[in-house]
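Next up: the structures, one after another.
Same chain, two partners: chain A is paired with chain B first, then with chain C.
Moving on, here comes the complex of A and B:
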C-alpha cells in the first residue's frame, strides 16, 4: 500500500477523534430509546415560501399524541421533535445534525423536500441513522444498494411516469409521444420512467423537449412537440408552466392524449388559471382519496380521518390534502414501530421499514397498498388515473402499478 | 416550414414581453445611469398591487392607472429614502443596495401576497384564437401598449424640457446642477417613472406567465439581453432588441442548440454585445473627453 502524508494525517485524525469522543451514551438499549420513550426527529418548512407543508408535521404531532394517549407502542411513548429548515438545504443539514447528535433521536421520519433531503442523504447513510418515509416524490430515495438507510414514501415521479407509459401502451400501442420535462432531477424522473417502460422502443416512439424552471414561457417547446406530429403529450413541469401548457395546447387546437404530472394539478393553482374548460380531458394520477370527491363523503376510512381531525386538529383545514397525506404516512410509521416489537435499535427499525407487508390505509384509494421489500424501496407504487371534466378530477380505470426496475 | 413560422410567431409573442421589460430597464438607465437589479421585483410588486385592486372590485383600467400612480410614488420614495444617502458612494455600494432591494422586495411580496400562482386579468380578449392559437389577443394588446409607452418615452426624452433635464442630470450631474437643474428632483422623478414603466410591463406580462413573486426572475435576464442588444440608451432599439431576443431564442432552441441551452442563448447575446459592440445595435457611441 502507498502510504502518503495525507492518508497518515487522515488516519491520525480519525484515531484522535475516536479517542476524544466522551462516553456519553447512557445505559440504554439503543440511541434515542429510553425505558419509556422513543425519540423521533423531523424537519419541515415551518416558515418560508413552502410553509403550507408545515401542516404535515402538525398532523404527525397530533397522531403521535393520539398514539401516546392510547398507551404508546412497545410500552414506550413517542417523543416527536420537529425543527424548521425553511426549505433551505444547509439548514436541513444543521437541524438534522442537531437531531442526531444533540437530541440523539432514534431516527428521522417524513422530512420535507427533495433538495433538503438531498443535503442529508449521505450524512444519514454514513451515520447509519434510519431516514424514513421522506415527504418528497423524487425517485432517488429508492436506491437500497447505495443508500440502504434512506426510504421514500409516496409513489415517485418515476413510478408515476411508468404508470402513464403503461396506460399509453395499453390504449395506443403505436402512439407518438411528446415528452416535455423540466431540466432537473424532478423532470428527469419522467424521462426515466417512460424509458423504463418503453425500453428499446423509446427512441422510435418519443420526442423530448426540456425547459428550465426560470423560463418565462414554454410556448416554443409546445410548438416544437406539436410539430413532431405527437398524438400523446406528457408534461413533467411545475404549476406555473403547467397552466401555460394547458392553455397553449388548447388554444393551438392540438388535442393530444395529455398527461400532466400530479405535482401540477391543483384546481385553484393550475386548472382555474389555465381556464377550467381548456383542461378538459387532461389526465393525471393520484393515490389519495380526494376530500372534494363525493364518493368519499361517507367512506369509513375518511370518516376515521375526519374524526381524528375534529378531535386533535380542530383548527386544521379539512380540504387540505396535506393532512390526508400526513395521516397515511403517520399510520405507516406507527405500523413499522408496532412491527418492531420491543426492539427499537436502528438496525431493527430499518429492517421493519424495508420489509413492510402490504398495508391499506384509510386516506389512500381502495386497492392501493403501501409496502416495501429489502430490494424494493418504492413504498407507494400504485396509482389510479383521473381525468379533468371541467370542474373536478374524475377517477377512471383500475389501480395501475409502476414497473419494478 | 410550418414549424419555422410557428416558432417565429411564438417568438414574437414572447419577445413582446421582453420588449416591455427592456423598456423599463432603458428608462431607469436614461434617468440614473444605473441598471437597477430590483427592477423586476418592483414591477412584480406593482402587479400584485394591481391584482389586489382588481380582486377588490376596482375596474381594470382604473386599477391600471392607479397602479401606475402608486408605483411612481414607491419608486420616487425608494430613491429619496434608500439611494439619496449613498448618492456619492462608489458604484459597488449601489450594486449592493440594488441587490438588497431585490431580496427585500421579492420576499416582502411573497410574505404579503403568498407564493401561489394567481390569475391576472387582461383587458384584451378575443372570442377565437388568433393565428392558429399561437398569439392571443392579449399578446397583440401588449405589443400595442409597449409601442404606445415607447412613443411616450421617446417624446418625453426628446421633446420635453423635463426629459432633457433628466438626461442631463443622469449624464453629468455636476454640470447639470451648474445650469440650474434640480438634480435630486430629477433622480427621484426618474426612479418614479422607471417604476411606473415597470408596473405597465408587469401588468402586461402577468396574464401570459401567471402572477407569482418570482414571475420576473427569468424575464429580466432576457429583457436585459434585449435592451443591451438594441442599445441600453435607446428605447426604440431596446424594444426591437426584445423582439429579436424572443425570436432568436426560439429558433436557436428549436433548430440549433436544443431547448436545454435556450437560456444560454440570452447569456451569449449579452456577452457578445458587450464584447463586440457595447453600445448595442442602435445605441450611440458616446465619447467623452477627459
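Moving on, here comes the complex of A and C:
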C-alpha cells in the first residue's frame, strides 16, 4: 500500500514537473490517466513459435492511431503499449508488472494466450487492474465471483458446445449423442458445455470417448462410439484427428448428425485431407465473417474493415483472419472507453466493460452482438451454425446463444 | 578509494583460486561486506517491479550456475537443464498447493528430487560424450512439458492448467513488502549456493572435475573415478538448477508446462556462454543477461525483437569471446600488470 501511494505521488510529481505549468489539479487523474492521455497495456507473442498472432497487436495499434486522429476518446488520446512475452508465462508476468507498476497503465487489454493469462490472473485481480477482453478461447475467464477484474472476449469452446447441444435438443430431442473429446482443457470444455445444456439428462443421452493429442489415430474411439448406437457425433479434437474422424465416419457408412469444433474446420488442413466429398454435411459454427466468403465481398462492414486495412495497415495480409478478430476486439474496447464518459478510473472502466449493451460489429456475422452483464462475463456468446457442402462452409439457421450458466 | 578498486579486482579473482591466495584477510572481509551491501541495496533503491525483475535475474543466475557446474567445469554439454528447473518448480508447487507445505520445507525435497533425477541422467551421460550428450539432454528438455501434461500425473501437476501457489508472507517482525521479502529470500539462498559452489570448485573436487574435463585419460591415470565424478557433477548441477526452479515457482506463483519449454534450456545455455563458461561470477552476469537483454532488444525494435537479441548476442561474443567473466579477468590482469610495472 505504501509503495503504491508513494509511486502514485511520484508519478503525479513527475507529470507535473514535465508539464511545468502552474496546474493545481493533479496531473494524473486516475492510474494511467492524465489530462490528455489514457495508457493501455497489452502483451503478445511478438517473438517465438506463435508470433503469427502478433498481428493482433499491430491491428490494435493502428486502430488506436485512427481513434487518436479522430480526436481520441473523452478528450484524451490513447497510448497503447505492447510488450513481447514470447508466449512464456513467466515473461507475461514480468511484462505485465512492468506495464502496471512502471508504465502505470490504466488497464490491460486483449493479452494473448491461455497459460500466459493464467500466470497474471491473480495478480491483476489482487491489484484490481482491469484485465479486459483476453485473446483466448478458454472458458475460465468468465468467473465474476472469484475474478471480477478479468473478462474474456470470444465465445469459449464451452459456449460453442452449448450451442451444439441446444441445436441438437431442438432438432432431435431424443438424440443419442456420441462425444469424442481430447483429454485436456480444450477438449473438456466440450464435455462441460454439453453437460451445461443437458443437465440431468446427460448420463442417459451421452456416451463419451477421449483421445490424447499424441494418439496416432482415433479410429478405435470412432468405432466405439458408433457401437453405442449414437445418431449424433460431437468432436472436440485437433485438426489432424478431425481429418481422420471425418474420413473414418464416412468410410464405415455411419451417417450421424456430425458436429466438428470450429478449431478444426480449415478447408486446406482438415477438409481436403479428409476428402472434401466425405465431409459433406458436417456442421460447425463461427462468429466472424470469413473474408474469403464471396457473400461478404460487398458487405458494408467488411468494406469498412478493408478500408481500415488499406489506410492503416497497407502491408497487412487481408486473408489473415486475426485481423478481423482484432478489429472486432478493438472496436469493443473503444466502445467501452466511450461509455466511460470522462471517468476513466479502473472501477468505472471495469463497470463499463461488464455492462456493455449488445453491440453489433462490422467483422462479426450479422445478428451476433457482443455484450456483458455484471453476472455474465461471456462477451461473445452467440454463433451461427454452418455446414460443409463439399466445397465451402454454408451458414444456415438462426444465431444461437449459449446457455447462461 | 581502496574499496572501490578492491571490489572488482577481488570479485573477479574469486573464481581463480591462485589469485585468491594473495588477497589479505581485511580485503576479503571488505569484499564480503561490499557484496552484502551491493546485494541488499536494491531493497531500498528499486521499486517493486524492478525488484521483481532483479529477483528473477538472480534466480536465472542460480540456474545458470547449476549448468556451469556440469558444462563449464566438468565439460559435459547439457541442453536440458530447463528440465531440472521444471522439476524443482513442480516439486515446490505440488507440495505447496496439494499438501499446504510451507515453502521452506519444499526446498530440501526439491533439492533431493532434482539431485536424484540428475544422478539418473548422469548414467547414460557416461556413455555419451559431446554432441550425443547434448542431444540426449535436449530430448529430455523437449519431453518434460509433455510429460507434465500426461494423464498419469495430471492430477498432481494440474495438466495444461498448471498450478497456482502463494509466495511466503514476510515474517511479522520485518517491515518489508512481499516483493522485498521474496527478493531477500532468493538472494540469501542464492548467496549460500554460490558460496558452496565456489567452495566446491576451488577445492580438490573442483580440480578433479576440471581435470576430467580437460584430459580424462590423464585424470583417470591419476586415480580419479571418472564415472562417479561425472554422475555426481550432474547431480549437484541438477540440484542447484532445481532450487532455482523452486524459487521461480514461488516468485511467479504459478507453474505450467508452457513455462518450461525447450527455450528455458536454451536460455540457460546462452546465459552461461554470455556470462562466462566455467566461471562462478560469470553465472551471475549470465542471469542478468538472459533477463535484461531481451527487454533491451524489445525496446530497440518491437517488430523483430528476436533479430536484435541475436545481433546483441553475436556482438557481445565478438567483443567478449569468453563472456563477461573473461572480460573482467583480462581487465584485472591488465590493471595488475599496470600496477606493478
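Assume the second predicted complex is superposed on the first by the 378 of 405 C-alpha atoms of A that agree within 3 Å, B and C clash if a C-alpha of one lies under 4 Å from a C-alpha of the other, contacts with A are read in each partner's own complex, and residues count from 1 in each chain.
Note that in this section a residue touches a chain if its C-beta (ideal position, glycine included) is under 8 Å from a C-beta of that chain, and two chains touch if they have at least 3 such contacts.
Keep in mind that this is a model prediction, so the values were computed, not measured.
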item	value
Clash or fit, chain B versus chain C on superposed chain A	clash
Chain B versus chain C as contact partner of A:227, first or second or both or neither	first
Which of chain B and chain C A:183 touches, first, second, both or neither	both
First, second, both or neither for A:244, with chain B first and chain C second	first
Which of chain B and chain C A:212 touches, first, second, both or neither	both
Partner chain(s) touched by A:399 [first = chain B, second = chain C, both, neither]	neither
Touching partner for A:268 - first (chain B), second (chain C), both, neither	first
Which of chain B and chain C A:98 touches, first, second, both or neither	second
Chain B versus chain C as contact partner of A:30, first or second or both or neither	neither
Which of chain B and chain C A:50 touches, first, second, both or neither	first
Location of chain B clashes with chain C - one stretch out of 97-105, 115-123 or 187-195	97-105
Doubly contacted residues of chain A, that is, touched by chain B and again by chain C	183, 212, 214
Residues of chain C defined as touching chain A within the complex	47-50, 52-53, 56, 146, 149, 151, 159-162, 164, 177, 248, 252-254, 256-259, 261, 263, 294, 298, 302-306, 309
Residue numbers on chain B that touch chain A, as the complex places them	2-3, 6-7, 10-11, 13-14, 17-18, 110, 115-119, 129, 132-134, 136, 205, 208-210, 212, 217-219, 221-222, 249-250, 253-254, 258-260, 262-263
Touch list for chain A against partner chain C, complex	2-3, 7, 46-48, 82-84, 86-91, 93-94, 97-98, 100-102, 114-116, 118-119, 122-123, 183-186, 212, 214
Of all residues in chain A, those that touch chain B in their complex	49-50, 183, 209-212, 214-217, 219-221, 223-224, 226-227, 239-240, 243-244, 248, 250-253, 268-270, 272-273
